[in-house]
């Protein structure tokens, strides 16, 4: 059985992430959504909040597990006995960084393979940071995220003056 | 009559921006230079300073208005009854982000069209951030910005040790 | 009134082209679809066939005219008294060639402005050449082109062994 | 069991292709190397020669089959009951075309997923066309292809004046 | 003394090429303009014509020699005892192919270094193929090429109907 | 004699940087490694530490000098009487920023030429920031940096909880 790790910050999870996870579930025996602690990036949502939102969004997939991680990705893959890392590719600039990372990871642990997926067309321009920007300015992001995520965003930005 | 919005931080306005504005004035009935408050980016110039410098630079165009905005761009377009968003494209990396943004904006408000212009060759490598970097290190940016902007930059960086 | 020229080979016109034309019609007083003779490229459809298909597809737009051209684009713009060239941007590689062309055209005729539009998300991956490839192999392209274009493609490829 | 199709012209197979195939064999139950007839591209090697060279190169992998195809890739995937298409990504320009193709293929057959792999660093700049160019000019390509491929290239170019 | 080879088809030489050569002459002891025979590309100008035009254009540089070549570039470098290959970089797509080529060349001959230069801004969008396209359609290319090149282009295209 | 300046933050120096320096030493009479103070970027290593590590790494090259700088690069080039700036190009995104910078620098000081080198294949995905990220998470970077740099990284991250 192949275990595939799908790492990210998921701050918050979007329809693009969810679509990729559900497609991965059909291809791999076990899919581990690896939620990076990402202290340096100062996420909007806490680790627990991010994990909680993913749980609600992917509840229908039996072979998905959600795990936080705070170490080198390749060490996490060893712990999870994963043979595959999954990454979404939206744009050329994604690609370049990902390419660099994949090269480094192959050096660190050659037996783990990085596989890239492209998003469905209607999710190609969705990113967590764009979602947060639109939401923080009072825009409606219902089309791009799960209702639970929308509610969580509204709560975060409720007290704020738009754009503050 | 078509109203075109040209959004940006303009921190500060360069010859590249001014060139794009003057070209837009010949094509559209009304051009709104939309100055983003951009709290998050911590601009060098205050909003008032940025608006003031744009006023001096574009004083010759009758159908230009300058407006600060602190909301979702698509909400601003509705207020201004704009049908067009104008964006300058200098480089591939510009293009990718812009492409993503244009897709999101089309979803939020399909009746507003994003149009891209490329800079005149002599302005292709000018960006506000590069101008500030050069100016902060004591370099001469007279070729790239209006004299009023140059004076404003000199004043900002006057007290600083170069590179500090 | 602004006249905008939208040049291409249109071999054949796709939903992506049609979408761009209908959006241009809302922004410019007159839109000239300029059909390049393109002898060098050996189009699948003759000039007359290509013009005929465009006529059927854009019949609903009052301010559109369709014109073949066999000269320098900037000379064609002068004949048509056009101030704007419209180009679709699908990808980074499009962008680079277009950028080069826009620079050259600006040198040849500075008063004509090149404006770029991005396709609607569902048309981003459609190109005339991909349509022809799929159609020549017996694939169904009904989703991507007007029924008249589909019929014309079927007729062209009818006698062929798939892939020949 | 997941069947993965790896399509290409393989004119001729390089170490880069072989590396990707051997990695795919560890991840998927069955890997189908799909050799495109590619009449339009006028390959250097005949279909039989290309299939024969692949057979020699991948002889060590039990779960690989080699199949010519001369139809729409998505029709071939249905015949082979494949759930996955594999593609190598070497460069940004690869990526753009691949992205477009993946979008089209998803529309034609949403249940088949396109997965991208990046080459090992030492194969990143190898392409079949570069190999042929170097070999046709008398250069030594022993480092980049299997000995059987090198012998076949030497034979093809034997009678030719270098560069002719 | 460092010998630098600047290879190309030069069909025909443009102001962009000439600018790069004159800058190279200030940096390297000897600059070899290597004119590829390029049989496969079917150049507009014969090898003798291309060499002749380069001679007229670069006549002012003492340390430049012009040499045709019809072999592997790295073999030519050995013959010329060159340590450096010079390449102009105009665009991202240039860059990718060049990157691939530089990697291959380094493998074939590690002691030769590939150095890239970017064109002066006013030459960034000039390419030989664009020059030929404009000239074949009756456009004026006086700004982009030497008068001798312009005369040669006019002669080549004199008998032709524009665009034929 | 040609003096070439190789500017960077070198936080810390990697095998990729060292490889580029040793290649530059064979081509230019004098190579100045210019270590940017980079106050704004908050480097991990102090200026003295960065200079010290470079000294250990490049000790074998006679014609290399190491100099900190805290001014406009073009002013530094004048002080050093340099005719060349050297830059490594790893990726398209590098290229775009570099292109912009090279254009600006040419305007500020046309007699200084920017030359780009591509890294050896095995260093293409190494960057100082990736090295620091891997090292901070307890990964082994022995393959990518000099032992002295590895020791310095270990010391910096010794007290830290992985990933903190």
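Letters are used for the chains, namely A, B, C, D, E and F, taken in the order the chains are written, and counting of residues starts over at 1 for each.
Everything that follows uses one rule, which is that a contact is a pair of C-beta atoms (placed from the backbone, for glycine too) under 8 Å apart; a residue touches a chain by one contact, two chains touch by 3 or more.
Please read all numbers here as calculations on a predicted model, not as lab measurements.
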{"item": "Label of the chain whose CA centroid is most distant from the centroid of subunit C", "value": "F"}
{"item": "Same or different residue numbers at the subunit C/subunit E copy interface, by half rule", "value": "different"}
{"item": "CA centroid of subunit A to CA centroid of subunit B, Å", "value": "33"}
{"item": "Distance between chain centroids, defined by C-alpha means - subunit B, subunit D (Å)", "value": "47"}
{"item": "Distance from subunit E to subunit B - Cα centre to Cα centre, in angstrom", "value": "38"}
{"item": "Where subunit E touches two or more other chains, by residue", "value": "92-93, 96, 99, 102-103, 121, 124-125"}
{"item": "Interfacial residue positions of subunit B with respect to subunit C in the complex", "value": "2, 23, 26-27, 83-84, 89, 92, 95-96, 99, 102-103, 106, 113-118, 120-121"}
{"item": "For the subunit D and subunit C complex, residues of the former touching the latter", "value": "37, 39, 70-72, 74-75, 92-93, 96-97, 99-104, 107-108"}
{"item": "Subunit D to subunit E touching residues, read off their complex", "value": "90-93, 124-127, 130, 134, 137-140, 143, 162-164"}
